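Each of the two complexes below includes subunit A, the first together with subunit B, the second together with subunit C.
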Partner chain A sequence: MAPLLAIENLSIAYMLGDGRSAEAISDFSLRLERGRIAGIVGQSGAGKSTIGKAILGLLGENARITSGTITLDGTVITRFSEGEFAAIRGKRIGYIYQNPMTALNPVLSIGEQMIEAIEANTARRGEAARTYALELLKSAEVSHAEERLSKYPHQLSGGLCQRIVFAIAIAAQPDLIIADEPTTALDVTVQKAVLATLKRLACEQQIAIVLITHDMGVVFQMCDEVSVLCRGRLVEHGSTAQVIGAPRERYTKDLMAAIPSVDLKRDRFDVLDSFANTPGRRRGIAFLKSGIAAARGGEALLTVNGLSKTFDTRGRRAASGGFRALDDVGFEVFAGETLGIVGESGSGKSTIGRAILGLIEPDAGAGIAFQGRPIADMRSRRDRIALSRSLQCIFQDPYSSLNPRMSAGTNITYGIVAQGLISRAHAKVLAEDLLEVVGLPRQAAGRMPHAFSGGERQRIGIARALAFRPELIFCDEPTSALDVTVQAEILNLMKELQETLGLTLVFVSHDLAVVRQMCDRVIVMRAGRLVEEGRADQVLTYPRETYTRELLAAMPRIALEGAR
Partner chain B sequence: MTNFILRRLGQSLILLIIMSVIVFAGMYVISDPVAVMAGEDATDADREALARSFGLDQPLPIQYLTFLGNIARGDFGTSFVYGRPVLPLILERLPATLEVVLLAVVVGLLVGIPLGIYSGLNRRKVPTKIISLGTTVGYSIPNFWQALLFILIFAVWLRVLPASGRGPTTELFGIGWSILNAEGFRYVILPAANLSVALICMQTRLARSGTQEVMYQDYMMFARAKGIARPRLIGRHLLRNILIPIVTITGLELGTLIAFSTVTETVFSWPGIGKLLLDSIYRSDRPVVVAYMILITLMFVLINLVADILYAVLDPRIRYA
Partner chain C sequence: MSEMISEPPIGRLEGFRAVFGGYPAAIAGLFGIVFFSLIALLAPVLAPQNPFDQSRLDIMDGLLPPVSTLMDGTISVLGTDAVGRDILSAVMYGMRTSLFVALVAVSAGVAVGVVLGLVAVMRGGWIDAVIMRAVDLTLSFPGVLLALLLLVVFGSGADKVILALAIGIWAQNARLVRAVGLSEMKKDYIAAARLAGIGQLRIMFHFLLPNAISPVLVITPMAISGAIVAEATLSFLGVGVPITEPSLGLLIANGNDYLLSGRWWISVAPGLVLVMMVLSINVVADRLRDHANPYLQVKA
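Right, the complex of A and B next:
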């Protein structure tokens, strides 16, 4: 019997403006039976989503299928017209999109968006379609289904929106669902529940699923088989147990080695770091060492007491309430340590950072003291400059945190030049030295940010923070926008620098495994409150609080015997 | 929402007072209505008598306060030129302007939005290039010159439409509308077409840029992936999202056209309020100008309020506290 979905030697190219073309997918093949879940993994830019879109006929105008075929249940669909595709989309193939918040039209109600899909793909009309929509919402485990129909996407959480997207995808009982990174935008606890729903639906209705993801943990939980994709090429295919447990190809092995584990702290990730011990790098490190006071163990560098922050949500007359982003949070950061702040989105992690860096005004009564002095007292210009020199930040999004109109070198030094810490003439050499410190070539100083990859940009961001020779660096999810192998490189770099320079880091992350690798101590945040505090190995191995246990349990784990 | 509306109306009251002071003082500085009214050969005694009869011998602040007091009683003053109460004078001219402007706006929307969506969806096709050229030309040619071309082509050469004036009117709600009968409608066509050219060009551009932006949104791709057919995709998912900037601009344009379509009304000798304003400024007819500006300000406030309310209807993310 022919498989439900057969992709044979598929190649897809993007036409470039000048008449040339770039191959995005080369010679990709996949066969999938009903009721099975096939994973497609790979790093960003590997072409995973392109395959998903090709199956649905949703490739952009400039993409061409140059060879190969896609066959659905015996019918070749590769050369279908838009009209023919419209006839199978929704009916035979459902689609689940990466970001549920943007997949739903913001100006149409949930009910309208569900009912239009039902009416387009089934025989149900009007009241029958509405009743069926309620049924679907219930089977996708959406509570208060009746009420949700009249809501708009912005009024619902990401997890709920994704369940609604599920409900739409299964409306016509399709044979196949393409799930493109279905949980990337969601918190771990939500991810766990959402994946369980997806798996149950697939099982009950014998739906085959193509699951596109970058997360090996998700693959391990969900998939029967996996295809590993690298730069548009299939490098390895096999059962999940085989690919994850005993990868044959070098690329898959590297990918597995770069995945941080929440259960085991490793000194370094097993990826290649290339720090040539050049004179420039030695000079850069000497410069940094001369300015950063060596860590004196046991001394509290930063003390936070009773930190609260209320955001007005109802305009000026906010006496009645407002949103409490932080509620009486207190902790200390000791010199030379890395303190992790973990929690789900909305728990107040970034707000803590902004309050420490003085970017927002905390509520009255909060006490933030740096080196024993309350920062609220540091009002003079000299004090402010000294403080901003001592407290630096590495940002989450390496794409928007560099000034796109300045070269990499200028990006690194414009702050310290502006504050008069260094002359313009010295700045150029320093920028080049610091680039070598973070593992980039000296010549990179002259290039503009857009010429760098995400990981390279984050290295530049780190160099910029270091240039101030700060006492404390606040790292706000520094690797969450990066691929797992790039993440491993950046984490290695940060560890390396911390050991060499004795840096003090506050490391914010939603990823417990990353925190486990990086941090000495951890505080766990939930809805603005600090729920648990302690040594990282303690908190992440034997958590005292239920919430921390839930977080840990929700982490998709790869628990294969002999996998590690 | 009610709070929001009340606050906006309160703000507009302040705006109206500021507006009336500026216009009142401005007209006082520009010219002396007594001199204009009395004519060349009037004696000083004539002038004084004239000034006293209109209260123009009082100092300006007193004149202004008297004026405010009268407005509170619903009296906007009496025209120096026509010798009649100002309010009916303006209101009887208003329908003529309204019918031309509303027709032009409706045509602008009905022609501009489809053209814009078409060219947004088919960027490389030949008609798109023609539309794009057309909107550029339509924008660039001055309004009065277009009006003259229209008269030349349709009234002088082809002799199919009248060149000027307003045709016979039909009564509705006690007001005469020329748009309601066939003969009168022929007179409306050219001025309305003249006003609608710029509107069509603007709506086309707004709809096109909106379409190009919205078509690349995730939710449009997801709607296609759901199996939604093209007519609904365009008519509902796309249209609903591009309407907000269109509503904004249409609101502003509507106000501007009603208040200041002076050029078109002058070229076509259309007896609307734009022409009344121009005549009154020339003749220093201060009560007419001041009342006019107050009414127009009020109208802008109301149109913008309606536009704001429409936003909230169109986009559920917008809520006014």
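Right, the complex of A and C next:
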């Protein structure tokens, strides 16, 4: 029997403005039976989403299928017109988007958009459509289904919205669902449950799923088989157990080696990152060492007491008090250690950092002291400069954290030159030296930020923070915007620098596995409160609190005998 | 600081091609702008006659049609007006006045608008509120009415016209810069600058300004052509520049009385030049705006 979906030797090229074309997918093949889940994994830019769009006929105007065919249930759909695609989209092929908040129409209630989709794709009308919508919501495990129908997307959580997207996708009982990073925008605890629902639906209704993801943990939880994609080429295909447990190709092995594990701490990730021991790099490290005071073990560098932060909702000081982002948080950071702050989105992780760094004003009564001096007292210009010298930050989004109108070199040294800590002439050499310290070539100094990749930009951001020779660096999800192999390189770099320079780091992350690799001690945050505090190996292995246990249990794990 | 606002490392010629390649109308507009600017600049050298030197004018040359020979033997290509002024020379000098007034008004308006917009972003609070209410107030008056009121109160003259036009322009720019600036302020590179202890003024001019200025640069050519037209309107209505230093608008008004008596050339020549000048600027401005709008670009 012919498979439900057969992709044969598919090649897709994007036409560029100047008449040339760039091949996005070359010679990709995939066969998928009903009721099975196939994963397509790869790093950003590998062409995963392009394949999904090709199956749905949603490729952009400038994309051309240059060779190969896509066959759905015996019918070749590659040359379908827009009208013919419209007839199968939603009915025979469902689609699940990455961000449920933008996939749903914000001005229609859940009921209105579900009924609209049901009426468009099935024979049910009016009351029958409404009853069916309720049925679908229940099968997608949406609680209080009746009540949800009258709600608008912004009134519901991301996880609920994604379940509603599932419900809409299965409305017409399609044969195939394309799920493009369906849980990337969700917290881990939500992700696990949402994926379980998706898997159950596929199994019950015999729907085949093409699951596009960058996350090997998700693949392990969900997929029967997996295709590994690298720069548009199929690198490896096989059963999930085989590809993850015993990868045959070098690329897949490297990919697996870069994935941090929450259960095991490794000294370094096994990825290639050779720092040439050039005179420039040695000079840069000598410069950094000369200014960063060696860590004195056991001494509290930063103490935080009773830190609260209330955001005024609607801009008015309502009697009810507004939104409490942080509630009486207190902890200490000791010199030379890495303190991890973990928690789900909205738990107040980043707000702690912004308060420490002085980017937001905490509520009255908070005590943040650096080297024993309350930060609130350090108001004079000299104190502010001293403070900005000692406390620096590595930001989450490398695409917005560099000034796009300044060269990489200027971005790195602008601050210390403006502070008069270094002469302009020295700054140019220093910027180049620091680029070498973070593993970029000296010539990079003259290039503008847009010429760099995300990982390279993050290295520039690290160099900028280091240039101040700070005592403490606050790292706000420094790798969450990066691919897993790039993440491994950046984490290796940070460990390397910490060992060489004795830096003190506060490391914020939602990813417990990354925290396990990086941190000595951990604090766990939930809804603005500190839930648990302790040594990283202890908290992440034998958590005392239920919440921490839930978080740990929800982490997608790759647990195969002999996989490690 | 010279490298701060430097463009991405692509050749100027390539950049020019990327913007104008395949758009003949825009290229023609560009040529038009260069042509009219050169004539305006070099009017004293190029013009056959100094039209405002009363001693050179001969009343006997009055109201001659195009391609007539004047009393002093020179040929007047576009004819003369009632006082025997050569229309071609008058138009050349008129362009000078029109362009000068428009450019100065737009420069002043943009500069004030951008700075106030940035201040509104940086300071926020009541300063922001005051600036933005001033913008609302300015924009709630029809531009020409506002200018008329001002000129009636302060009297006419090139400087007053410039002031009146600039008042209309600053408000749009302040609002635009504030909108872009607010979204830039949320980005982490601004937080990084604050963290580095960099002062407000430096953040404003070295971080915010270069990143918020692009949309202003895109609407500026449109503002220039708008200012040329607005100035012509005011001068036509008789409240603009003085008769001793006529702009295109005043020249058109000058010939207005003769249009019905068949002496069309006095108004038509400056009118056509005005249209061509504004059209040239507008096609170029349109192209720049489309180029800056990523949604209209062919996806790379």
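Note that in this section the second predicted complex is superposed on the first by the 561 of 564 C-alpha atoms of A that agree within 3 Å, B and C clash if a C-alpha of one lies under 4 Å from a C-alpha of the other, contacts with A are read in each partner's own complex, and residues count from 1 in each chain.
Keep this in mind: a contact is a pair of C-beta atoms (placed from the backbone, for glycine too) under 8 Å apart; a residue touches a chain by one contact, two chains touch by 3 or more.
Owing to the predicted nature of the structure, the values given are computational and were not obtained by experimental measurement.
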Per the contact definition in the header, classify A:451: touching subunit B only (first), subunit C only (second), both, or neither. second
If you stack the two complexes on chain A, which partner ends up touching A:56: first (subunit B), second (subunit C), both, or neither? first
Looking at the overlay, does A:250 come into contact with subunit B only (first), subunit C only (second), both, or neither? neither
Touch check for A:544: first (subunit B), second (subunit C), both, or neither? neither
Where does A:168 make contact in the superposed view: on subunit B (first), on subunit C (second), on both, or on neither? first
After superposition on the shared chain, which partner residues are touched by A:388: those of subunit B (first), subunit C (second), both, or neither? second
Spot which of subunit B and subunit C makes contact with more residues of subunit A, would you? C
Mind pulling up the subunit A residues that touch subunit C in the complex? 14, 16-17, 60-62, 357-359, 384-385, 387-389, 391-393, 395-397, 400-407, 410-411, 414-416, 418-419, 447-448, 450-451, 461, 464, 468
List of subunit A residues in touch with subunit B within their complex: 56, 58, 82, 86-91, 95, 97, 99, 102-109, 116-117, 120-121, 152, 154-155, 165, 168, 172, 314-315
For subunit B, which residues count as touching subunit A in their complex? 217-230, 232, 236-237, 240-241, 314-317, 321
Flag every residue of subunit C that touches subunit A in the complex, lowest number first. 3-6, 8-9, 187-189, 191-199, 202, 206-207, 210-211, 298-300
